[in-house]
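You will see two complexes here that share subunit A, one where it goes with subunit B and one where it goes with subunit C.
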Partner chain A sequence: MPRLLPYLLLLPATAFLCLFFLFPFVQVAHDSVMRNGVYTLENFSRMAGHWKFSTAFWNTMLLTAVVVPIQLAMALTMASIVTKLQRGRSTILYIFAIPLGISDLAAGLIWLSVFEQSGFLNSLLVGLGVVDQPILLLGYQNTWIIFIAIVLAEVWRATAIMMVILVAGMGLIPKEYGEAADVFGASRWQKFRRVTLPMLRPSLQTALILRVILAFEVFAVVVALGGTQLPVLMSETYHWQFQMQERGVAAAFAMVILAVSVAFTILILRLLHVPKGARV
Partner chain B sequence: MAVIEIKQVAKTFGSFTALHSVDLTIADQEFMVLLGASGCGKTTLLRIIAGLETPTTGEVWIGGRRVDHLPPRERGIAMVFQNYAVFPHLTVFENIAFGLRMKKMDQAEVTRRVTRTAELMHIEQLLKRYSGELSGGQRQRVAVARALAMEPDVILMDEPLSNLDALLRLEMRAELKGVLAESKTTTIYVTHDQVEAMSLADRISVMNGGRIVQAANPVEVYRNPAARFVGSFIGNPPMNFLAATPAGPGKWQVAGQMFDGPVAAAAEFAIRPEDLHPGDTGLPAEVRVVEPLGPHTLITASVAGQPFRAILDSTLLPAPGDLLHFAPAPDRIRWFDPATQTAL
Partner chain C sequence: MSAPSVRRAGNRVFVAGVALLILWVLLPIWLLFVNALSAPAEVTGFPKRFIPSFDLASLSFFFGFSGVIDALWNSVRVAAVTMVLSIGVGAPAGYALSRFDFPGKELFRFLVVMTRAFPLPLLALPLAVMFIRTGLDDTILGLALVHTTLALPFAVLITYSLFSGIPLELEEAAWTLGCNRVQAFIKVILPLAAPGIAASAVFAFVISWNEVFAAAVLTVENRTLTAFLLQSLDVSPLPLKFAGGAALVLPALFFIFAVRKYLFAMWGIANR
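== the complex of A and B ==
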């Protein structure tokens, strides 16, 4: 009996996930290839044929390609600094972790209050006399400002989660390796590049997979700041599901997001693979 | 040429003083062992020489150059760590080549040096492996090869053999001695193992409580301990100590026996266990434990109520409770000042 006990204890959680995750997932997959009671790929062709699809797809990719590297660079820098701190380390970690406690919609709204026509940025520009009257920053004329605002909000909101993972990972690297690098002539950069980074691969994998998947699912921040000006995959999914009442096409979008997430997860796992025997 | 000079180096961690103003000069190509129990400051001193720790006060000079303000990589040193610190993400080849790569040495020279040191340490067949695929002894060899490949002025070793099993330690000890003598580098070697210290060192610095108590060649340290601590720390079993009462100038009474000794206010008598000869006269000893060890017999006895050990020929097998007389070899008797604990 004791041999079965762990499985028994895990059973409720497993059943819960199967019921409320796996089942809906299969349902969505099924919906994506079903139209008027017939198995078909028409949902996918309708999705791909719509003029907004490729815009939404490439906007999502571009956002991920800009946001994640910035977050990675910042998280690595911050984690290296925090790891070296003798005192006040947990205080700083708490402060950095504050944005983690804010929902993505709230984050979007906070940045909206900065960028909107009556927002802080406009007040500042008017106050400094840079402009005579508030300007429309988040309009359809300058989607690049919307893009920058989204990047800012995402970086602000979700860099800390990467940093926390990397701080934990750096803490797992025995101090002697850094000392050996020092003694054998590595400069700070060489030490980081040749010792810390390779030994951090397991944590980098976790942090990157988590962030890349979340970046593909970016939604509330985009909607809050851009409305429909900057379509992304998730906002289109929402649009087809609720505005167009096209459940099948929405499901097709969900499958695309899933496919992209899986592809990038595999890519990251491959790129940051640690060979057996080379583990700490 | 790399003479190492340590001038009045002290180190405090908060309110704890790890090193009290240490002075030490290590000659070029000398094999210096820092010996002491854990917490005596030997590793701190080594780390200060390496540049992994900064001294609170004092100066470190290597090869006529003051280095205490320089980072480790500018000191011309290489180091072997206690846990080896062989990089897990690099192959054995790249581990040995690590320091050379940092110096941007050309590939032909890197290959030459890695091959040569790998052959020297008998690990040439392991060059493509990762450290996770190596045994402790093999990792140790990689760590030494990595240090040798640098062709440094100074090699620092922090208890390099302490994580190996006894048999392997014996084998590596002899091998290290040979390899390091040939490399002609100045070596500083930290250990708490006195046998290791005796067998490897040109000179031993015995440390206690953040101070160097004695720095001398192994035989000198063994035969003429500068302090009571050295006698009680080195030797297995260590020196025997007995209280002495004055009986005229230069005369002392120890366990009822008269001995010639130093002219002093107070003194403590000391003798090594192997410098005792059983006979009809000498220190009266009541045998407590008899341990036949093969080449000789170790006797634990009681002399004047004090525990007392003697190493006797193995043909002699007394029984517990027997009364023996141990005559100390006169030229081997040492005297210590009970107040200062130093040799008289």
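== the complex of A and C ==
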């Protein structure tokens, strides 16, 4: 019995993950190559043949490429600040972590209040005399403003998750390393560059993987701010599943998102490889 | 410049930077609440004031809108079921990981960590079909099962680090005093772990409360608040959107405050 106990305790969680995690992924892979009961690649060719596909794909990639580096820099800054603080640490950490609990849809609506035509940005611009009357910011004429609004909303919403991981990681770095660097007269920047960053690799790895995958899943922020004017992979998946009732094509989209997610996970694992002997 | 004045200037830059970041986080939330707490005419009017007029017309319009109360109630119910399921299934696993060494442990940890490398909301697509076959489509339980998949890895990781922090000796002492395993767990471990378990339950609640994609795919009649807001985005007037956004955000502020001590525990495994 004692030898069986751990397995008994793990059984519900394992069964749950098999049923609701592994099985659905097999199923979605299966759905993507199945059409009217025969195996075919038609779902993929319909997907790739649709005029919105490449726009959606590149929008998603571009958003990730712009958002994630900004977030990385901000999260490192915020984590350094929190680690350095002596007074008010927990208050500031709480404030920085607030967006962690906020839904992507709510984040989209928050930034909609800034960018909509009668919104706060226009109020500010008119108040400062930059423009004479409110301008339509989120219109189809200037998708680049929609893009910027989405970037801001994403950076605002999802930097907290990276920050929390990095703060945890910085807490694991032994103080002696920093002290040794001080003895050798390293500047703050040198200490950060040569001690903190290399020691932070495992946390950076986790933070980046998590964040990049969430970035490929961007959905509600985009819909709240841009409607259908800026298609991304996830909104197209939703569109095919719901409006077009084409489950096979939606599954094909899902496979594309899955493929880029796995590819980037492997890439990040490779790039930030932590040798076994070098772990804290 | 002398060294102390350089340091003072550096400190001032540091304080300004912290203030700026705090403003960056809080200002957008403030603006949303300004909208939610102003009359509909002010919300659609121009120019905007940066201070709310504390007119509750927007909010009462939102809560009186057909379907909103039901959606809110659905959100609460789905999140509550998610909370119970993810703790009920996750906590035993966390306990097993912290207390036993056994073949297959690494495999299970791999399975849990792997869930993070996959875009989980996509699970809703194949499950929609499975749910129709089993009668779980458009039900509270069906959606809660998907949300539990999102919350379970966190529940396992948090409870794992929680139980690891409680010395095994305490349990052993209870055993030598005549408790069996279950009694020792209930009388000694559970009281110590309760606050952390509560925090991970709250976190599961938040994950479900905030989830949009799976909720929108899996519910039709019994929509949650996020699904309701998403699907009415292109038809609903601005005051409704902002009041809805505020209704989504307000609980989150309290939730994060409640779990702030445990924010780090959930990344425990990844750092080792």
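Just so we're on the same page, the second predicted complex is superposed on the first by the 279 of 280 C-alpha atoms of A that agree within 3 Å, B and C clash if a C-alpha of one lies under 4 Å from a C-alpha of the other, contacts with A are read in each partner's own complex, and residues count from 1 in each chain.
We adopt the following convention: a residue touches a chain if its C-beta (ideal position, glycine included) is under 8 Å from a C-beta of that chain, and two chains touch if they have at least 3 such contacts.
On a predicted model such as this, the values are computed, not experimentally measured, just so you know.
In the superposition on chain A, contact is made by A:V274 with subunit B only, not with subunit C. With both structures placed on the common chain, the touch criterion links A:V195 to subunit B but leaves subunit C unconnected. Looking at the shared chain after the overlay, A:A13 reaches subunit C, while subunit B stays out of its contact range.
Once the two complexes are overlaid on the shared chain, A:Y140 sits clear of subunit B and of subunit C alike.
Once chain A of one complex is fitted onto chain A of the other, the partner contacts of A:S103 are limited to subunit C, with no touch recorded for subunit B.
By the touch criterion defined above, A:S187 lies against subunit B but remains apart from subunit C after alignment on the C-alpha atoms of chain A.
Of the two partner chains placed by superposition, only subunit B is touched by A:E179; subunit C is not. Between subunit B and subunit C, C contacts the larger number of subunit A residues. Overlap of the subunit B and subunit C contact sets on subunit A: residues 279. Those residues of subunit C that touch subunit A in the shared complex are 14, 17-18, 21-22, 24-26, 28-29, 31-32, 34-35, 43-48, 50, 88-90, 92-93, 95-97, 99-100, 102, 104-105, 108, 111-112, 115-123, 125-130, 145-146, 148-149, 152, 156, 181, 206, 209-213, 216-217, 226, 229-230, 233-234, 238, 241-242, 244-245, 248-249, 252-253, 255-257, 260, 263-264, 267-268, 270-272. Against subunit B, in their complex, subunit A makes its touches with residues 174, 176-177, 179-187, 190, 194-195, 198-199, 201, 274-280.
Listing the residues of subunit A that touch subunit C in their complex gives 3, 5-7, 9-10, 12-14, 16-17, 20-21, 24-25, 27-28, 31, 74, 77-78, 81, 90, 92-106, 109-114, 116-120, 122-123, 126-127, 134, 156, 164-165, 167-169, 171-172, 202-203, 205-206, 209-210, 213, 216-217, 219-220, 223-224, 227, 234, 237-238, 241-242, 247, 250-251, 254, 257-258, 261-262, 265, 279. Of all the residues in subunit B, the ones that touch subunit A in their complex are 50-52, 71-73, 77-79, 81, 83, 85, 87-90, 98-99, 101-103, 129-133, 146, 150.
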